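All remarks here apply to the structure that follows.
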Amino acid sequence: MGPRFVARIPTLAQFAFLAAALALPLFVGADSYALFVVTQLGIYILAAIGLNLLSGYAGQVSLGHAAFIAIGAYSVALLTVDRHWPFWAAAVVGMALSAGLGIVAALPSFRLNTWYFAFITLAFALVFEKMIVEWRWLTKGFAGVVGVPAPSLFGHDFGPRALYYLVAASALAGFLLVRNIVRSRFGRAFVAVRDVEPAALAVGASPQRVKLLAFVIAAAFAGAAGAFFAVQKTVVTPDDFTADFSIFFLLTIVLGGLGTLWGPVVGALVFFLIPELLAGLASWRMLIYGCLLLALMLFAPHGLVGAMRQGWRRIARRSPAAPMAAREVSHPPIAGLSLEIAGLRKRFGGVLALDGVDFTAPAGACCAIVGPNGSGKTTLLNLASGYYPADAGTVKIGGAETRGLAAQRIAARGVGRTFQTPRLVNELTAVENVMLGAYRRERSGFIATALRLPSARAEAKRLRAEALAYLAFVGVADRADLEAGEAPHGQQRLIEIARAMMGGARLILLDEPAAGLSMSELERLEQLIVRIRDLGATIVIVEHHLDLVANIAGHVMVLDRGVVLASGAPADVFRNEAVMRAYMGERALKGGAPA
Amino acid sequence: MRANPHSLLSRDAIDRRALLRLAGGFGAAAGAGFPLSASAQAQALKLGWIRPTTGRLASSFAPLYFGGLIAIDEINAAGGILGRQIARVEEDDEASPAKEPAVVRKMREQDVSCIVGPTGSSQSLASLAATTSMKLLQSTYAAAAEAGDGKKYPYHYQVMFNTDQQADVCVDYMVRALGVKKIGILQENTAFGEQGTAASKIVLQKKFGLTPVSEQVYPINAPDLSAYVANLQKAGAEGVIGWIANVPNAAMIFNAMKTLKYFPPVTGHSGLMLPALFDLVPAEAVKNVFATYYRNFTWTDAEQPGPRQVEFAQKLAKYPEAKGFEVNIAAAPYYDFIYCLKAAIEAEKSFETEAIRRGLDNLKNYKGLMGDISFTPENHSGIGIKDVVLVSVASGQDPRAMGCMRARAPGQ
Amino acid sequence: MDLDTLAHGLVAGSLYALVAVSFNILYRPSNVFNFAQGELVMVGAMTFASAMSVAGMPWIVAFAATLALVGMICLVEERIAVAPILKRAQTGTAWVITTLAVSLIISNLVGRIWGPDPILVKPPEPLSMDSLNVAGVRISSYEVALVICTVALVAMVERAYQTLQGKAVMAVAEDREAALMRGIDPGRLGRWSFFIGGAFAGMTGVVAAPILYASTSLGPDLLLKGFAAAAVGSIGNNRGALIAGYIIGLTEAFGAALLSPGYQEAVIFLVVLGVLLLRPEGLFGRPSARTV
């Protein structure tokens, strides 16, 4: 076996699985239990794929997924049995209602943190379970809706085999849609919101809108799964949608691998199929899964797919991709934005972090803010970029007032920033992190992206090339396809700068970019900042490294305990005695050596 | 509190079932369901056995199948049906309507054409949705009147009283014999409860021009039922008609009555005859509790139960697991259904489903344990109203009870 | 206003307050909210019921045995499901899933030990569940005792946090690193808190049993309502939990009386959701500053 063949095994396995799934009905009876079970499996996979997008990629742990499936199932059951609607119309209503509930469910996730939200969804699942029994006038109580007719098309009823193919085709379509979404700017934004919300804000992605999108997609998938559930089972009862059922779904995707494409498929196969094969174990199933879940979370947080992938990497050690030619990239000039701050004030509890600070960075200038720890430098950046609301004062960017705007809106105006500790999305590659920067610039709509229309494909290709160019610009092109979390600290900062530039930043706020850098890295950083400045961008840098500041900044402001101590050209400011005392202490004043 | 339901009746079920399932899994290709051919005559007749062995209702429902077991033992000992022994094919439905469609498919895959169970009206209606289209003969423990509709469910036979008959007896006794006009209804949130309440209201209205003072509907998995009982008390109900079919619920209701010191007369389904009742409710209160039952299993000062029924009670006494459930076992349709099946097969001399169905549809005044059983193609509710009576629950402590006998309510 | 409903609400509220306090006890040092807590309460009720009715132990012995057992289960949970997760990442929420897994394991294990039928538990002599008519309100002597004991217990727990150990717990909750530097061992405190929190949950099960029936399906309901009380009363705040417990209990009782008993959970859910959306930190907590 040649190494090329070995490298292709995962792809071949995927196609083999697909072929087996498509061929299966030819080998089992139309009325057989086996076909009944695999059809159900397909339905579970469809729902799990949606939940994986929500919980795995967007990080919203939902323990109430059964409710969304129930809405799809009950819509179809009631509309087809009582109102004699055709299946298709009823299914669309079910999906729409489910997606509507998805919007409602998303609202608490804006305000509550992950686990509060998980709890609320669990509570919702428990309440929902009771309500479908209680609302007998609608749901027919404990007995449920019986005798849901099979879907029909052009007067031809779907038999069990046709239904299986319908479900399989839907699951496949769902898989491909989610794959396309995950690999697009939406997928990058999901992961950013999940792992590093500040990064999402910095590229102008609204966490609310991202969560809402994930909820609506997941709910619509569940609604579709519910619609199939009703026709496959022919009976829809409250017992089908207990809180346990919701937990099963979360279990399924955790088992398979949260945030992996194949996770829900593998999880559902293992979770729902294996007990069918080992009938004697059926009653132990929940216990075994409880233990499995615990063990997986402790030892393999990425589930079975994650573990397989890791094992695979060990077997088929891929020859490292040829490093990208580090070609010099010329960059078009940037029209810098000015930053004008006046009378800025911020109080945290009893501490006055900023007390009436004025600061101006003219367009195209490089200005530095220095000061001892706790003097309010980072707070100033956070207020300017909208991460905290200011108590008083004005912030004007490019001449327009921005105080009170949300962080992602300020970012969208052309403000890029880096963080004291780099806020990269560790699980994405370096180039994907840079592409995330272009979140606001991408024009392809959601539909075009999900369907991978040619326009969306072309744009994605163009942006990738651009992102690689930015990586080359900051000098880390060789790491483009490695996970960002594995990059050394210094390089992570450079990737952050590339991300800011990718977003078309005209005002770049750098928060201690030199912290922890080696001498050679420091030199590269200095060159890079000078290059960006020379392109015309406005740069505001918060930095302890006074040599660096002296070399690049045309203007320096010194903060101490929330007030401006001095302001002016670096050479003048650093000679100021009050600055020396505040900043470096009495000893430094005598010794005179900058740290 | 009582025998672990998991040990009941599972004597030979698990291993064989697991094997069958494995075989079914591997040989699924062949399992498309061929009808039994004539050459298979000597093989055992497979009888589907849908019984909950797990789930919250298992302890109430699992014992109800002893009557059916006794019937199989008797028939097999006497040489089977037309020389074929009866073999049970058991599946657990967890007493959940949600499980029924899958259970029916498993049955079909094992070449079962005749099914006993499931128990519970909601479970039965869910099961019927699948068995009717697959043309599988079935008898379920479903009191809901709908289940005896031969036009809707041509393959299902209801060998027990239905909610219409029960409601008639319960309401009549409450109003006429006990003279209660302010009647409250307490029903479980199942198909049985729904139809029981609907039928009671019709009888109350049509016969006596009354409407219930309160209707309480409780979910069968509610942790506590005192709120519902308190509502009945608040509404001033002086008598309660109870559509309650499982033991834990009935126990909770009587316990709530005890803490509320509220002991109205109660009439209702045979589920009220629970063994724990005597510990929960003071003796004077039990005197007021009456349940629907079958005339053949009752005594009065003048009449005694029939000899076949006494023989059945003696056989039942040999099963220690049946203790405490004798009444509900005797009231279950399974014993009589299996004998009806035998009669129909022997009349038609065929094991073909359609022939058996013809035989059952033509069954007239078959002397069952519970009463005279007759079917027509339209009416599959086999028991006549004359065999349905109310009995005194308190008589369960009488030495004459023998487990499954009860004294008829005064004036019945 | 219906006084019976009021009494019913206070009794139920006491139980919810106790569950909420048991949540708080483990939450304080670990910042972990135990999703298996409802099942622990259930195990407490079932163990106690079995010890009383099957093993025939005297009340006090059964009580002590239950507390010890449930405390130990909770300690084991901390060791295998919580400590390793916290070791990996102090701020992660993987414990949501691991404690949920523990909940799943417990609820399925008890199904192997006990049947699905509820067990009636009699209150200790001389208390009884028979309703008394006290100034027109129907309430039993046991229920009166329960309400009084709940208030007393919460006061005791609050006092315990005034001691040196209690202050250490608060210090860990505030800032784990800083506490470590001051010579406090957060690991040891975590273990103790889980043990005590588990025992408290077990005790809640014991006192709840005569009112609710001991049943293997008690868990999810108490988890939901205990969470409601803890969240509305601000997580970690025991006095808040007590007041919120009564708020939840009364809301539930009046919701049931006005609508139907079947709407209890829905009413509570809406109240909790409403409170959390308006004040995510609960009614008795301080809003926390967002950090970048």
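A, B and C are the chain letters, set down in written order, and residue numbers restart from 1 in every chain.
Throughout what follows, a residue touches a chain if its C-beta (ideal position, glycine included) is under 8 Å from a C-beta of that chain, and two chains touch if they have at least 3 such contacts.
Note that the structure is predicted; figures quoted are calculated from it, not measured.
The touch graph of these protein chains is complete, with an edge between every pair of chains.
Innermost chain of the displayed assembly, by C-alpha centre distance to the whole-protein C-alpha centre, is C.
With centres taken as mean Cα positions, subunit C sits 41 Å from subunit B. Spacing of subunit A relative to subunit C, judged by their CA centroids, is 35 angstrom. Separating the centre of subunit A from that of subunit B, both taken as means of CA atoms, is a distance of 55 Å. Looking at subunit C, residues 221, 260, 262 sit in touch with two or more other chains.
In subunit A, 130, 133-134 are the positions where the chain touches two or more neighbouring chains simultaneously. Residue positions of subunit B touching 2 or more other chains: 217, 219.
Every residue of subunit C that touches subunit A in the complex is listed here, in rising order: 33, 35, 80-81, 84-85, 93-98, 100-102, 104-105, 108-109, 112, 220-221, 223-224, 227-228, 231, 260, 262-263, 265-266, 269, 272-273, 276-277, 280, 289-290, 292.
Interface residues of subunit A, counted against subunit C in their complex, comprise 61, 63, 107-108, 111-116, 118-120, 122-124, 126-127, 130-131, 133-134, 198, 243, 247, 250-251, 254, 286-287, 289-291, 293-294, 297-298, 301, 348-349, 382, 387-388, 419.
By the touch rule above, subunit B contacts subunit C in their complex via residues 1-2, 4-5, 55-59, 217-219, 221-224, 227-228, 230-231, 247-248, 251-252, 255, 258-261, 280. For subunit A in complex with subunit B, the residues that touch the partner chain are 27-34, 36-37, 130, 133-134, 136, 141-144, 146-147, 233-235, 237, 239-240, 276-280, 283. Listed in rising order, the residues of subunit C touching subunit B in the complex are 4, 8, 53, 115-120, 129-131, 138, 140, 211-213, 215, 217-218, 221, 256, 260-262.
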